[in-house]
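Here come two complexes built around chain A, the first alongside chain B, the second alongside chain C.
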Partner chain A sequence: MLELRKDIFADERDDNLKEIGKGTQRQDMLGHVTGTSTYFDDHKLQGMLHLKVLRSAHPHARLRRIDTSEADRAPGVRRIIRGSDVPRNLNTLLSLINFGKDDEPTLAVDKVRYKGEPIVAVVADSPLEAFEAIAKIRVDYEPLPAVFDVEEALKPGAPVVNETYPKNTFTYHERYDHQKLRFGDVERGFAESDHVLEQRYQMSPIEHAPTETNGSIAAPDTNGRYVVYTSTQALFFSLDTCAKILDVPSNTFHFIGGTVGGGFGGKVDTLTEPLAILGAMLTGRPVRYVLGREEEMQYGPPRGAERIFIKDGVKRDGRIVARKITAYFDSGAYTRLSSYAVVKCAAHLPGPYTIPNVYGDIYCVFTNRTPATAMRGFGVTGMDFAIECQMDKLAHLVGIDPMEFRIINAYRDGDMKAHRREAKNTALIECVQVAADKAKWPLREEFKRMSSRKEGGGARAEIPPTPREPVASRPAPAQQRTSYDRGIAMPASEQRPVAPPPPPAPPSPPAAPSHGATRFSSVFGTRRR
Partner chain B sequence: MPVTVKTFASTSEVAAALSSDRSARYLGGGTLVMRALNEGDISIATIVRAADTTLTRIDASSSRVVIGAGVTFARILAERDLAFLHAPARSIGGPAVRNMGTVGGNLFAPVPYGDFTVALLALDAVVSVHGGLGVRDIAIEEFLQSRERHGGTLVLSVSCARPASADAFRYRKIARIKPKGGSIITLAAHLPSGGGRINGARIALGSMAPVPIRAKAAERALDGRSLDGTAISAAAAAVTEGISPADNALASGWYRREIAGVHLRRLLSGQE
Partner chain C sequence: MTRHHGRGIASINYPIGMNLGGDPSQALVHSNPSGKFTVALSSIDLGQGMKSVTRQICAETLGVPVEDVYVDTADSDTGPHCMGSFASRGTHRVGNAVMAAAREARGVMMEAAAEELEVNAADLETDGRGNIHVKGAPHRSISTKDVAIAAQFKQGRTISGRGIFLVPLSDVDPETGEMSPATCYAHACLVAEVEVDDETGEVSMVRMDSAYELGRALNPRLVEQQLVGGAWMGVSHALYETTEPYYPNPAHGPRDFVDYLMPGPGNICPHDIAVLERPAADGPFGAKGPGEMCANPVLPAVANAIFNAVGVRIDELPITPEKVLRAIKAQGGARPQPRR
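Our next item is the complex of A and B:
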């Protein structure tokens, strides 16, 4: 059970809550329905200027020359900002917790890596004058070959998207090109299985589509400080990111947020604040930078696409004995938060099931697509979709009711999870029972009586012998079915991803970064287990 | 340069202002022009408006219906005599867009918008235009083919014959998001009949080309025949003949071609 230190956090939580079944007013609802909630864009400041950015017309191109001379003379233009004006024009969001290398400029300098990447910012008296000046900027592009597919990006000779990561993969622990999970021996598990099923799943990027687009207003304050009204959903995270990019102490800024017009993860990337503040620094005037709707939809970061291969070995009685997962997370052109999504995914495998042999390789891959970011359970949601589709197919394959099939394989209290933590507070069995009851789905009596608190642990709590070196595939017994007859049968040789040879396993592969995990919690609102 | 707003009392003054200034844009309900301005469209320097009430007039008393270009979709929905146009009017935007969006503006709405115009095309509407040389009537098909050139003119009204029966005019908009999604494909069919046979079928498609177009092969498959399974199958099979829809964020051109016949079949056979 989660323990709350009442001696320290006496007022933190009311233990006598009786809210379920009652109509409770949300604390911010009155302001929303009466139109009195204050958003960042409700501040019209004296002498406020407007910032707009010129975006790349190409997904991958070298920038030969940027000519702003005509735009400089355009009416209403106060300042043109280029990459060389940004004090530290290279950053990665999670550098604040020492995770990843700086790989993304605020304004592109030598080349652009995705269509829509900001190149030049124009600060003008009105949004229209800023747009008119942008139309006068001439950029001489040298288009480069682009790569949009995660597996293509890993092939030898693929275009290098981001020179910080020349292999087109994020680097973990300064050596590894993917996150690895090894628990037991999947190859032995497959050999002992009655059926083996391998499937490919593809997730698309998903846009958060907030009602309020990303934006901020920065205004000079006294003592060389700046007030920043912002839509961010991660106020201090954005503040520290700006302090780093603008190379000033973080107490230079007074960030005011609070009311976010829809975030869902799409407002942690600190897209607008650095340039709005820099504009205020360079002009001495308040500067407003708001994404338009098309900018938000097209160039605002989405939930990343994922390609997932799952190979499962299952016994006739419904027990899954081996699960092998290879996944490629499409980070787009820059890291943002996809590196962390991969870590979360590795810790989540093989889903809420106890499987004695688990194998996972998860890659954070760079492509010439819009950088991806956080969104509601990113790293887990897409994988769960694939796993649960796979569970239905497996249940069909062995002829077992899909609800009961999940109960058979559900983890229970005391079981060892694949990342070597004991399962606690498990409740999948109870969830399935309630869902079946609500849906009037018939469960057999023995499955209705099962419990997450019984029959876990024991042999299920042991860490199985795990081979260090890759084991050669063993020939499958003749009776195995290897294709799934409801879907399109794909020959395994064709769909097998082309991956670089895996590096040797680290002595004790950590599934999650041990440093800074508490600050992750404060940033993303997730709770450490 | 700031955008200038000019309001004129008469439509002829508006027409003169539009024809003399290429950067002038007529503002009807603003659902297209204000969006363009907010998104940074710098081709608009002047906004022209008209205070002339003739633009908002509806004449639905006779067999030929005349609708002013400034009539909103909300007003069409409030007009009992225009019941045959309620389905297309209701398929446009949400309540806010229907309150502001106008029939005239819809003629210029780019894909995936412009659903009302699809209905007007199937009804063989006539567009009344005030250009540099005065007022003239243009068949809607001709108007749409040369739509880009009509930017410098003012649309005054559209008119069409009232369908003979409620069953003679059918309309359907296919969207992924209901009720406010953009069109994947919009279909309208006018099926005048005499003696049990269709005579002068009109089938119009939206989102299958840059402007609404007629599916003439499907029309030919219906003409002179009764609306039975054979004729419907022939029309469904021919619906994409000579049509090559484009890809956009809502659907691929391939998908549009695949589903066009399916939805035409449902429309003609009265299936949900």
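Our next item is the complex of A and C:
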């Protein structure tokens, strides 16, 4: 049951609208409830072939030899695709926003880094014939030691999962193995606290579990173009990723999608389109590549696991004065999007509360498991679990009602957030009050009268003195991407010296994309305050 | 054997749109000669209602009935660029782009109507039912259909508009993490009531009460659908789901929905929801995005309710019967906390 509380914040809204605010029936309702909406897999094209992949049997192994000779002769097989057939086999998804290095092959070549990694693709007349041919491929593996625990992966001597990142961590700002957040002095905060509580939290990987699994159908069109029916959540993201991997101009492709049977973040990785299109290019026939449920569940990317350590200092009166967080995001064998989740997580600290001293170190760690990706609540869901369990423990520790404890610490309009921007348009206190009311949870009168719009700012708007740490120098350019030209120089006006001093060398110019790759924007490149 | 009741809470906020910005979306709006409008997008409808919410935004901005607007999504040849449907960005980013495009199209429509009525466009208003009339003089009126016909065949005008919305990309300071991650935030607080069986370790949901602040509920029924479904995903994450039950040990990974557990119809509990609307300065009609954040408060609220019920803290997700039972045994039995 849903109740609209129009009485709250009524003075900030114009409710005199005609269409907005109405519970109008969805435009696509009839198609959905009668089973007639068109999804990508409803396109049955004449002469359509089926693509399936051989997946690694080991979590970490060198590929000594791949023998496809018997599969080549198997009935119904039209084409076998190896890594060497992929024009630009190595890619990283966020190269479209110039974030990170190309670290993941479309088809593994010399090594596999997780169980289920695609090695060879088979295009055949039927799915059955494709599977039967895959069973005839012989792969000679040399198993390597694998690492599955994020803290083990950081220890010296741990197996190197992904040679692009030899320390098993993503590289931030070309110099750190983690993203930092520094606001005030947590050590002083702990010293001034009446209680200090340090706890460990763990979230395991989670499957998006869409009704429709990932898939696409690619078909040759006139004028050398290809039409692609796809389940993607991000049409141009997938289109431009394919243009880069297949090294063709982006207008080679006509992508059609838009009606998707559940995404939740699991359909942004462009898992199937590059091989489906390549299959169509190599055979001249429509090619369908759809993940089965087992593939979707075990080898399609999950919400990544997170391990989180929180140390809080709290006063007897319920005010939290210091919060220190160390978190490890398990990216699996390749980067995909976990690197970006880490930055979003750092921005989210310390949760929706005003705490004068906050410290965060967030790591993106590589392990020998299926690469993780985005999922509903990207970078935040696991952290919110940890923070809110911690809040309950703190309230218990100081003997304050957990609702009132949250109101005491809630951020309000005008407060300074730990990422050094002013809080505006806040409404946490009102949500707590309304939820308490709904649940008939008693709140004391003074807490019922509190407001997000009152008593924020002032001293709470200040950026506290923050201890300086030694600034790591940037490593040699050998660490940076060298695989393509460095043509575009960054305009001087877009450069900003890094604070605090001493300033390191100015950022190196971003690498220029090849003609198939479009860069949407440049994270950590262009500078804005 | 005893079944213990407990209640737990959690409160959260959530940033709207891709972190750091730099994630544009475009929209094109045009009228056919009958005064019916098409919105062309490359954005994706995942089932969340992207088509419907942008349709309402377009109709409201144009001042025409919602039936006169059709939203066409996700064709890269006809729909202009959109970053994609993720990061709770659909309503906020795409909605703003559609609003901008509709505003431009409305400008042309009003100019064309003014020419037909021989008045100044500034003196005209729409009635939201398909007519344009002189302010204060409803009898001096023309239908949007007649305006569209005149614009197309007589005046040679195209009633169309282009829209883009972009939150400029923010930098991140390597040393302090200073950044502008988002322009607005949604909020929520949720109370979960559970029942814990101290013999089996099984946790059942009894009820949920919640308050979600979303800027503006553009379509309350779509919002309800998101919040109800999202909260159940939260329950599922809290108590059931993982692809690696003994993480970091990768063994025993489920391969289908027989092994991969999720709550079924028999596990449903009442969920009483309140929606608050504090408009975001840069949201379309103040709207933020309910898509992702609805699941987040449920996980910790359930964990906290379990503590209230039996006195054990389970800090590892998912909170399976095995973990609950082991923890109860380790502390020598259930220790119910004060009822609240």
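The rule is simple: the second predicted complex is superposed on the first by the 445 of 529 C-alpha atoms of A that agree within 3 Å, B and C clash if a C-alpha of one lies under 4 Å from a C-alpha of the other, contacts with A are read in each partner's own complex, and residues count from 1 in each chain.
The working rule: a contact is a pair of C-beta atoms (placed from the backbone, for glycine too) under 8 Å apart; a residue touches a chain by one contact, two chains touch by 3 or more.
Owing to the predicted nature of the structure, the values given are computational and were not obtained by experimental measurement.
Of the two partner chains placed by superposition, chain B and chain C are both touched by A:R293. Within the superposed three-chain model, A:T259 lies in touch with chain C and out of touch with chain B [touch as defined at top].
When the two structures are aligned on the shared chain, A:P75 is found in touch with chain B, with no touch to chain C. By the document's definition of touching, neither partner reaches A:L45: not chain B, not chain C.
Once the two structures are overlaid, the count of chain A residues touched is higher for C than for its counterpart among chain B and chain C. Residue contacts after overlaying the shared chain place A:R13 against chain C, while chain B stays out of touching range. Of the two partner chains, chain B is the only one touched by A:E132; chain C is not. Residue overlap on chain A between its contacts with chain B in one complex and with chain C in the other: 293-294.
Looking at the complex, you find that chain A touches chain B at residues 52, 75, 126-132, 134-135, 292-294. Against chain A, in their complex, chain B makes its touches with residues 1-3, 37-42.
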